[in-house]
Amino acid sequence: MYKATKLVIITERVILEGVTDLIEAGGATGWTHVDAGGRGSRGKRSARRPGVGGMMGNVKIEVIVSDHEKAEAIMTSVADQYFGNYSGITYIEPVEILRPYKFAV
Amino acid sequence: MYKATKLVIITERVILEGVTDLIEAGGATGWTHVDAGGRGSRGKRSARRPGVGGMMGNVKIEVIVSDHEKAEAIMTSVADQYFGNYSGITYIEPVEILRPYKFAV
Amino acid sequence: MYKATKLVIITERVILEGVTDLIEAGGATGWTHVDAGGRGSRGKRSARRPGVGGMMGNVKIEVIVSDHEKAEAIMTSVADQYFGNYSGITYIEPVEILRPYKFAV
Amino acid sequence: MDLLLDILSTMVAQFQKPTLAFLIGGMMLAAMGSKFEVPEPVYKFIVILLLLKVGIGAGISVREADFVELVIPAIGAAIVGVVIVLIGMRTLARWRGVSPMDGMATAGLFGAVSASTLAAGMAMLDGEGIAYEGFIGALYPFMDIAALVTAIVLARLSAKRKTATAPTPSGDGTMTLGGTVAGPVPDPSEHWDLVRGILVDTLRSPAISALLLGLALGIFARPDPVYESFYEPLFRGLLSILMLIMGMEAWSRLSELRKVAHAYILYGLAAPLVHGALGFLVGLGVHHITGFSAGGVVLLAVMAASSSDISGPPTLRGALPKANPSAYVGTSTGLGTPVAILSIPLFMALADALIGF
Amino acid sequence: MDLLLDILSTMVAQFQKPTLAFLIGGMMLAAMGSKFEVPEPVYKFIVILLLLKVGIGAGISVREADFVELVIPAIGAAIVGVVIVLIGMRTLARWRGVSPMDGMATAGLFGAVSASTLAAGMAMLDGEGIAYEGFIGALYPFMDIAALVTAIVLARLSAKRKTATAPTPSGDGTMTLGGTVAGPVPDPSEHWDLVRGILVDTLRSPAISALLLGLALGIFARPDPVYESFYEPLFRGLLSILMLIMGMEAWSRLSELRKVAHAYILYGLAAPLVHGALGFLVGLGVHHITGFSAGGVVLLAVMAASSSDISGPPTLRGALPKANPSAYVGTSTGLGTPVAILSIPLFMALADALIGF
Amino acid sequence: MDLLLDILSTMVAQFQKPTLAFLIGGMMLAAMGSKFEVPEPVYKFIVILLLLKVGIGAGISVREADFVELVIPAIGAAIVGVVIVLIGMRTLARWRGVSPMDGMATAGLFGAVSASTLAAGMAMLDGEGIAYEGFIGALYPFMDIAALVTAIVLARLSAKRKTATAPTPSGDGTMTLGGTVAGPVPDPSEHWDLVRGILVDTLRSPAISALLLGLALGIFARPDPVYESFYEPLFRGLLSILMLIMGMEAWSRLSELRKVAHAYILYGLAAPLVHGALGFLVGLGVHHITGFSAGGVVLLAVMAASSSDISGPPTLRGALPKANPSAYVGTSTGLGTPVAILSIPLFMALADALIGF
């Protein structure tokens, strides 16, 4: 087992593409996203309710990277670029992986 | 980077509202939920199958709080109020965050 | 609070059943899955796009087990059986739980 | 003898009609392990259209109905709902191996009404060209709400009585109902609070509120053009998909029944027939008082025979959290609903024999 | 006086017609806290069918329309879109407590068009047997795109001007538009890049591209059989479900408005009427030039009165990320849209009085 | 020469008909980068209704068909399915740069049948008022299952042969098929187990089981009223949406083909025409033996030309996990399916010229 870092970003669905562009630019080998709803400082957001062009849903994106600095760098770039104007939170967790080559470029 | 705690609750979709009320009462600044399916001691539960008024789906709720005690307190209140009569599990993980003020009231 | 291990498997939706069979065979008391999309070494996969018999979606499966070895054993068996021919990643995280009896057979 | 033969031949003929054929087709799909499935949003859409159709249709007829003609069967429907729960309380809930709480929840579900089963009954009558009162859909909430409220109140009172005698200090029946946390029930004023809470919760449930919306639209607006060009013609087709789903669900829930007491199996098989007969009798009474049609009597029997599949389960889950949903949902979806739908031809044959279409 | 009475009686009659009745029914459901909900995929499906219907119908008519007959109202529609935004810039965006960015975004949304509201207008005219130009749907993109482009360009230019005067070094208006990151806007050539970017983004948005696809199919292919056997007959029925959804959404967004300045409430209530009157006037002009029908004038007014509910919000979110979506979505969905739909009978009565059907 | 002109003019006319126009419209949407998308549950619903329609329609006709009339084309269909796979094994699977496993999976997919393409063919014949045997849909499973079983068995046998010669100890073709894990294939009895496993899996797949359910309902029940009032009339409209989706999918999968060998592009373009011609020939033979209609010949050609898009891919993914889905899905969805649909007018013109409608 090898140590690696998981970066999680929960934010508005409309910027999924922009955020994953930053993730790829930051050198991650991949990412996973799931539809989400939630509540935060900017009120309730729902993944299921119709209307407003699907703009009210959240997405939870997770990225496994081999080193902690890379995770922090992506985290900062996403927060800088988006979290002034869009809802979102981000955090990091340590994980253990089997195949380190899967997560390094 | 600052230390924080992530509390996860996986339980029946029908009590999402009741559980998030307890989360808010416990002093969390927000929460995120995703639709889920699964299997546990009370059998299989599916997020996709039609029928029975959507009663058979699970939900996975996660909450980031700045201190571990708060997470434990919410965890215990949810387990006490609901896990006698509803399916569910709950666990805690350490995470690292960027902006501690986002997660403290 | 008791220590336990969370195993996460992100893979193709079509093999959900096969993977959860291995999880149960590995002695876990349950599992939770959510629909997911993502990108990895085998390109982009989407949970929402129609077509191709729903074959293009991912699923994220998480399993809480009381001891780390069991998690590793399930992890290895899933990787051995499936990750040669199917997209997928897997990792392990330490968690804290309330009721250890829920996660031990 | 002739009567029996008549009933039998009516039933055989109905098994080939779309409604029953799709139900049985769904069961066969599930039985052969097919991976065929209808997406949940589609199921919800079908149910919404069907409830609006039943509601609007009833509303349009209520406009022209006279008061007595309407009130008598409504009272009859409510009585049937209450009596079904009382029967369940005396039988199922006292059986050995059945917890009283689970038994009461099951009785409540069987007393409540399935819009899908009612719609199946309407489609079968329409298919035979048999007339029934247009306002029949308006009777649904009376039976449904009466049964759910009775079951929940009785179950919670008896749980409270037990708690009072046995000294169990914690975990005491705390319940969440639509977000409001209610403690144990100590005095008469809280009684009314309880009933009011259940009523509000039931009225807000998706199925009942869609039906009531339809009723209101039918009564106060003029939705006739859209009813005739959209809701009415789509109704039968969508019902066929719904019957498929219900057949598949029934088969796959049957397996859950293996884990519960045998009493549930007996109840699931017999109750629809007994309740249907009760509904039929009350309908016969109404027929003699107000001239209620033979088709109307059949549909009252069908409502009584049916058990709630959309709003009932989550309402009970919220109001009686200690009841085991595997027991009541399994019994109702796995046995009660298919038996009720399959016995519609029986009620039709009976009405033909006893009243005549 | 007679005119006023006429208008009033037309309006009262319309409130019972399916379109408005379902809208109000949806509001009542939400107001009583019902848990009824239409699944999002169903909502999207209805919107798709409706946009294709409007587009194909318009395309089929464009085939036979002559050039002038088409171009004059299209220019009129575009002018209305631009003027609405300019009005918003001078009023809402300058109000105390309203950030100019939020005000411009709101004006853009109100200048843009709601296909659902337009469809509601068509259904009401159809219901009364009032004729209108078949190509009306083809005017939609002219007004919609003109308004969105104007609002976004003006908002970004003024934000840039401010950044130039006030020395704010970082966080400077960086924006993502359909994935392309654009910096601040320094010279004329980048001006055109900005406008082109917004145009491309708008054309790729789901609603506009579905409408344009429908138009293209109607003009270049022969989809008439499927239009008549499927899109046309389903249209009114699905619209009734859509009105339900919009009523529920309107009610639940109203609460968001509590957090924003009062100016939004005033704007949300008055703007649809003012914009509708503007659209009506321009339509009247076109009527005198090309003989544009009274029904066409009503629909131009309805487009102007409406505010975009499908493509507009995400387009603005992408192009003006600093604008607060609670403000513009809340004002539009919570007030603008229901007011616009409810005022359709007013425009009908007006057209009847001033032009005559 | 005249024949060629005839064929050309038939084809040009068809490109304006709804079916092809919507397919091309979908491609254009994707090509211009539109964000328009149809939600997955809606796609599934359309596919379900379409499969039930094809199945029920066929079932109703099977009731009245005589045995020989039915069996001869069924045998023909199965032969076509097998031959297509054998052709693929000799060509694509031997190409340089194509792994034999990937090549066989692709051949299997192209041998199998697309219900959507078949439905498109039916809609085009209906649109021209050309008759065909009602039971045509019943031939689908014969061709589909024959092709899939042949491809999977041959691919696994050849993989086994290779494993036997080359000493690769681990990762040896272990496979999961509908949950049952099967090892390498050593002796004749396991042969049959393999074939049985594939058969069971195919029969349980959503598309085949929906079609078989429809067939059973058509044969054993009397679903005629709901077929005529619901499935038949909705069919053409929903097909237009499905064609849109398939056009969009085709365009977006095309890009995946950049990563695979050029052989796939050649195969994807040529195979539908070659297979269609083969189906046409076999159809012609059946025409001479049983009087099979010209429309029936066209539909047999269309089935042969089509490649499976619903059940085939996941069945192959389960049964041949070592085959690369990008290769076979990309080739089939990106090229095979649009080419097959676009060549339907060709088969119609051919049938008109050689048999006459």
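Chains: A, B, C, D, E and F, in written order; residue numbering restarts at 1 for each.
The rule is short, and it goes like this: contacts are C-beta pairs under 8 Å (C-beta built on N, C-alpha and C of every residue); 3 or more make two chains touch, one makes a residue touch a chain.
A quick note: this is a predicted structure, and the numbers were derived from the prediction, not measured.
Novice: With a step meaning a move to a chain it touches, how many steps does the shortest path from chain B to chain F take?
Specialist: Tracing touching chains, the least step count from chain B to chain F comes to 2.
Novice: Spelling it out: a chain qualifies if it touches chain C and also touches chain D; which chains qualify?
Specialist: Chains in contact with chain C as well as chain D: B, F.
Novice: Please work out which of B-D and D-F is bridged by more C-beta pairs in contact, and write that pair.
Specialist: D-F
Novice: Express in whole angstrom the distance between the two chain centres, defined as the mean CA positions of chain A and chain C.
Specialist: 19
Novice: Determine the centre-to-centre distance between chain A and chain E, using the mean Cα coordinates as centres, and give it in whole Å.
Specialist: From the centre of chain A to the centre of chain E is 34 Å.
Novice: As a quick test, compute the distance in whole Å between the mean CA positions of chain B and chain E.
Specialist: Each chain reduced to its C-alpha mean, chain B and chain E end up 40 Å apart.
Novice: At which residue positions does chain B touch at least two other chains?
Specialist: 34-35, 93 - these are the residues of chain B that touch more than one other chain.
Novice: What positions in chain E touch 2 or more of the other chains?
Specialist: Residue numbers touching two or more other chains: 37-42, 44, 206, 234.
Novice: Identify every two-chain combination in which the chains touch.
Specialist: Every pair of chains meeting the touch criterion: A-B, A-C, A-E, B-C, B-D, C-F, D-E, D-F, E-F.
Novice: For the complex, which residues does chain E have touching chain F?
Specialist: Touch list, chain E to chain F: 39-42, 44-45, 48-49, 203-206, 209-210, 213, 216-217, 220-223, 225-226, 229-231, 234.
Novice: Which chain D residues qualify as touching chain F in the complex?
Specialist: 15-18, 21-22, 25, 28-29, 32-42, 127, 233-234, 236-238, 240-241, 244
Novice: Could you please specify the touching residues of chain E with respect to chain A in the complex?
Specialist: Going by the criterion above, the answer is residues 37-40, 42-44, 171, 174, 176, 179, 206-207, 245-246, 249, 256, 309-314, 317-318, 321-322, 325-326, 329, 333.
Novice: Where on chain B is chain C touching in the complex?
Specialist: Checking each residue of chain B against chain C gives 8, 10, 34-41, 47, 58, 60, 72, 75-76, 79, 89-93.
Novice: Along chain C, where are the residues that touch chain B in the complex?
Specialist: Listed in rising order, the residues are 1, 4, 6, 20, 24, 29-35, 64, 93-99, 102-103.
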